[in-house]
Amino acid sequence: MSTPLMNQLGVVKRSIVRAEREHVDHLGRFGSATVHEAMGRVGLLKPYMRPIWPGALVAGSAVTVLLHPGDNWMMHVVAEQIQPGDIVVAALTAECGDGYFGDLLATSFMARGAKALVIDAGVRDVRFLTEMGFPVWSKNISAKGTIKSTLGSVNIPVLCAGALVNPGDAIIADDDGVVVVPAADVARVAAVAQQREDLEGEKRAKLAFGVLGLDMYNMRGPLERAGLRYID
Amino acid sequence: MSTPLMNQLGVVKRSIVRAEREHVDHLGRFGSATVHEAMGRVGLLKPYMRPIWPGALVAGSAVTVLLHPGDNWMMHVVAEQIQPGDIVVAALTAECGDGYFGDLLATSFMARGAKALVIDAGVRDVRFLTEMGFPVWSKNISAKGTIKSTLGSVNIPVLCAGALVNPGDAIIADDDGVVVVPAADVARVAAVAQQREDLEGEKRAKLAFGVLGLDMYNMRGPLERAGLRYID
Amino acid sequence: MSTPLMNQLGVVKRSIVRAEREHVDHLGRFGSATVHEAMGRVGLLKPYMRPIWPGALVAGSAVTVLLHPGDNWMMHVVAEQIQPGDIVVAALTAECGDGYFGDLLATSFMARGAKALVIDAGVRDVRFLTEMGFPVWSKNISAKGTIKSTLGSVNIPVLCAGALVNPGDAIIADDDGVVVVPAADVARVAAVAQQREDLEGEKRAKLAFGVLGLDMYNMRGPLERAGLRYID
Amino acid sequence: MSTPLMNQLGVVKRSIVRAEREHVDHLGRFGSATVHEAMGRVGLLKPYMRPIWPGALVAGSAVTVLLHPGDNWMMHVVAEQIQPGDIVVAALTAECGDGYFGDLLATSFMARGAKALVIDAGVRDVRFLTEMGFPVWSKNISAKGTIKSTLGSVNIPVLCAGALVNPGDAIIADDDGVVVVPAADVARVAAVAQQREDLEGEKRAKLAFGVLGLDMYNMRGPLERAGLRYID
Amino acid sequence: MSTPLMNQLGVVKRSIVRAEREHVDHLGRFGSATVHEAMGRVGLLKPYMRPIWPGALVAGSAVTVLLHPGDNWMMHVVAEQIQPGDIVVAALTAECGDGYFGDLLATSFMARGAKALVIDAGVRDVRFLTEMGFPVWSKNISAKGTIKSTLGSVNIPVLCAGALVNPGDAIIADDDGVVVVPAADVARVAAVAQQREDLEGEKRAKLAFGVLGLDMYNMRGPLERAGLRYID
Amino acid sequence: MSTPLMNQLGVVKRSIVRAEREHVDHLGRFGSATVHEAMGRVGLLKPYMRPIWPGALVAGSAVTVLLHPGDNWMMHVVAEQIQPGDIVVAALTAECGDGYFGDLLATSFMARGAKALVIDAGVRDVRFLTEMGFPVWSKNISAKGTIKSTLGSVNIPVLCAGALVNPGDAIIADDDGVVVVPAADVARVAAVAQQREDLEGEKRAKLAFGVLGLDMYNMRGPLERAGLRYID
């Protein structure tokens, strides 16, 4: 990867190594916040990436596509590379808020087994996408369509909303945002996430009962040593 | 229209030529994305214009009003010019995010037969507006009210969120955004939109069946000629 | 208060004077827009403060907390100071959009009787917060967590989203935004808000009947004197 | 102009009526602030339009060009339509910050007699443009170049940075911003601007001498009647 | 100060206690960064406040004015309250980017002895202001003027660009930004700033000689204990 | 690089392979725009990265540092890794606009031979940095300092302002922005840039003489075939 972002236009990589399904599914039981913590607080896409409808939680393997401003030609090329369980991650070579994706492409993506779209640009037909139950995380929403005239690439490493996504990486997305987990780390991150989750149930019960985090986490000593003063 | 934006303060034009109702209603069967395509990709208001509640789709004739920052006096003046089926399009002489419109004005607008408000500023009482089912597309939401002291104008051409709107033009708005169609073009645009819509049903069925856009649109040849390479 | 924002780190004030419950509850019958008007149009937090789920309307007494970027340690300290009916108002010493608050802290806050959180930063676990019915007004949403290492303060005057909030002040928040009412003014503001509300019912009925604001508010004369011209 | 922004791609209008040179030159003695006042406070492009180097003041006739995102092909087409004294006004069909214009195009524009460029997008080679003394007002600066593949239009009415510019209109630009004056109004606006300017010299002298605006403008009475109270 | 931001419109406070001149002058020998450090990192206005010309460094006592969007009437009222050495701090009741201040007001302010203007809005005539050498820190620049019709207040506490400014407080402004120092703290902050400055000269000499901060500040031990690893 | 952004905190890589000096120097004869073109239009940092003073043009090898919000501890660690001709590229784990760098660090960096700093955050002491002639490209300017308490890393791959920068890559920066060239591509990119530059001199001469780009680039045929129509 010495020349990571050059000579990359016009390439479709067909064979990618996807994160292991079992572990991706395991990650899918947690939300993006827990996975992000389990990752050591890396891998989060910028928070301007928002779901077009609330309540979805998806986990899948990334199929990546690099698009040009105002041009969604490669969205049809990436459709062919989708396997069931994949999440399409669309990056842009320059900022653009046009509507790259609507109900026709969503129909095609769903027929191929895609679980979601993550796109650092705009989408449209959001009422239909909502009715179809197809989850999308995007930068914005716009009725403005795109042309089909310039080559991008499929399944190359991309920078999407400030995060590096390699094809095959696991993607976890929900109302809190989108996290990317490198394929090689999926099992380990899932294990750490599970540990966090296991601990949280007990904590939640204590907190609901009225126990303070100050006591549960033994914070009073450190706070006092840090100089916290109580006054009346 | 040699001096399009001068000498226009303090004028209310009562007689405007509205786009033909039949064709506006026809446009109302399509969403903003389809109409925008049918227009040749012009006429879209900037995508920061968002609905205050999801799911609405409206089509109507524009009644325009030009407002000053922090002053909604003319909203009462425009109310009198509303005819059933109209959509009020409110533009500002300078940027302002105050809440120009709430439940009282909405009650008045609905009583006059207004179908919606499109405003390049803020609105408030959004919980009530949602309960009333009155659709609004706005730049933002703010509890901050306005005063009533400066004259603007009604039914003059306005620049609203980056688009030129003449009184009588057709407005199509939904979750994807807001499109303006000049009154003289309504019939033609509706016909083009209908053609697009007719073609989409068949396409959607094919895509749902698993046919790829690559094949349906005969893109493989052009992509190859453009230099697309598949690698493993 | 000669040195309002100095020497304030590492202090927790336990005894604060809360706005009278009866009057706060009274304010809670109105929305933020009405209260803001009754205040004389001051006290509104900036409109980027948005609810994480629609439809909530809360009123309560402010318990304040000053946080550092990326550090939510003091959220556990403030939890202990919450009394039933309080609303936690969290300000930042510098801009930050991280997710300071999630389902565990919400469980703790609810157990203490908190009615809501207003935070000039980000929150996470929004799906759970929504299911729990805990209202939050925040600057944004982010899965990114925070550390616990730096002292802030609790129950000092804070600048939150452009407004000065003293501990004990009344907070009114709904879909239109967040308003702060100084504790000493709560009774008076509630009375003014009630007057406005009483007048609005009658106005609403007239407007729904088709009476124009132009006539109801006797605007035709002032508009004419201001120079408004009607043309055809 | 019933269909103002349709059917306009791929058109170059060669014969336009330019604002009269004498009056444009007259306007050039004032800054954008004075001309904007003389216009009745209309015609100002949005304030994000900034000069790439400080201190320039230009006045000229608008030659307009409509560009697509990421595509500057029409900049070469518009070059041929430039006459000495013209200012090129470049609008975009959608938002884009790429660098549309650099030292080669500037060399060409200067050879044709252009006085400046006003572009609602980005430019590059700003060090060279500064050395050449060619004034540019733009939305931003970017090293990112553009392609040459899509038709726009030349000398059609355009919406540039929130203002409607017709070919032939006068453009006044300086450090305060960019103002457009309709060709038909140039003489009248220049006369009003001259009146303002004539009055300002005397005012400036009084103010420099220590006379207060309160007295010079007779504001004390109106302020008192408006309720202004002086306290100690 | 129980109702800090109410009942405040239409008031001019004539007698204010200014920070002691000697200490303000002392603060003026340091930049905003040093003073901000000496304050304990509070009191900085938001960094969108930028100087209209580079290189100025001013220190003075705040005379405050609260303005309404689009209305600069009170700028003439505040002019009368200026004493030599004062800096006018102008806050807004709502966001506005219009040009509130130009060469005429600057002439008046300079005649009264004002050292600078800090305004959370826009200014104009920047070429003249630059030539006059009058320093201004503002949110933006705009040729758009304002009206004179609504009362604000003078010499009340204001929230300006995210900071609380009381009349009489010291203001320090340079290319790095604007800091407010409460009047009662001026002597103490100046002393702390002087200590910092005294230490910096020696440090600067060492660093220029090639000594590393790692060694000068004895950071190697703490870094190692924090877990820093060096690899090849 | 299977887990590109994990386990990376607390690491300092001492031995990096720098782009060859001769070719980096060659690149330094061109501006960022030409190099960006020669790269095939990749490698540009986002255009919000602006120089703190105009006119600088630098080329050097990247030494990278990853920083936490509000914490500049690692700036002292990276200082030790600087070799003459290096440019420090500072990335952030989350968005922050604080002033991470001032005159003391600049003194140290210059003593080590650094040619410039590129930082996706804020800097301060800009008047001194300007006087010292040390070039900085940053996201913003802020007097707000930082603490020294959290480990980041040095000389790991970083995402800086939307671009992937590996230690040793070449950095070219000027008034148009900042471009990163992978170390392995420096010779090739310099050669391509030289070719472009060689061609531009002749073009510039022709354009200055009045030849149109339409003719020089043989655009009239393609424009006509694309459908361009000339009207009067």
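Just so it is clear, A, B, C, D, E and F label the chains in written order, and each chain counts residues from 1 on its own.
The rule we apply is simple: contacts are C-beta pairs under 8 Å (C-beta built on N, C-alpha and C of every residue); 3 or more make two chains touch, one makes a residue touch a chain.
For clarity, every value in this text was computed on a predicted model and none was experimentally measured.
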item	value
Neighbouring chains common to chain B and chain E, by label	C, D
Listed chain pair A-F, C-E or C-F that repeats interface B-E [over half of contact pairs the same by residue number]	C-F
Copies chain A and chain F touch via same or different residues, half shared test	same
Between chain E and chain D, distance of the C-alpha-averaged centres to the nearest whole Å	32
Where chain B and chain D are represented by their mean Cα positions, the distance between them in whole Å	28
Two or more partner chains touched - positions in chain A	41, 97, 144
Pairs of chains found to touch, sorted by chain label	A-B, A-C, A-D, A-F, B-C, B-D, B-E, C-E, C-F, D-E, D-F, E-F
Parts of chain B lying in touch with chain A, wherever the complex brings them together	31-33, 36-37, 41, 44, 47, 50, 54-55, 57, 174-177, 179, 200, 203-204, 207-210, 212-214, 217, 219, 223, 226-232
Chain C-touching residues of chain B, taken from the complex the two chains share	10-15, 73, 75-77, 79-80, 97, 99, 102-105, 107-108, 110-112, 122, 124-127, 130, 140-145, 148, 150-151
Sites on chain D touched by chain B in the complex	1-9, 39-43, 93, 159, 162-164, 166, 182-185
Chain D partner contacts - residues on chain A that touch it in the complex	68-70, 94-98, 144, 149
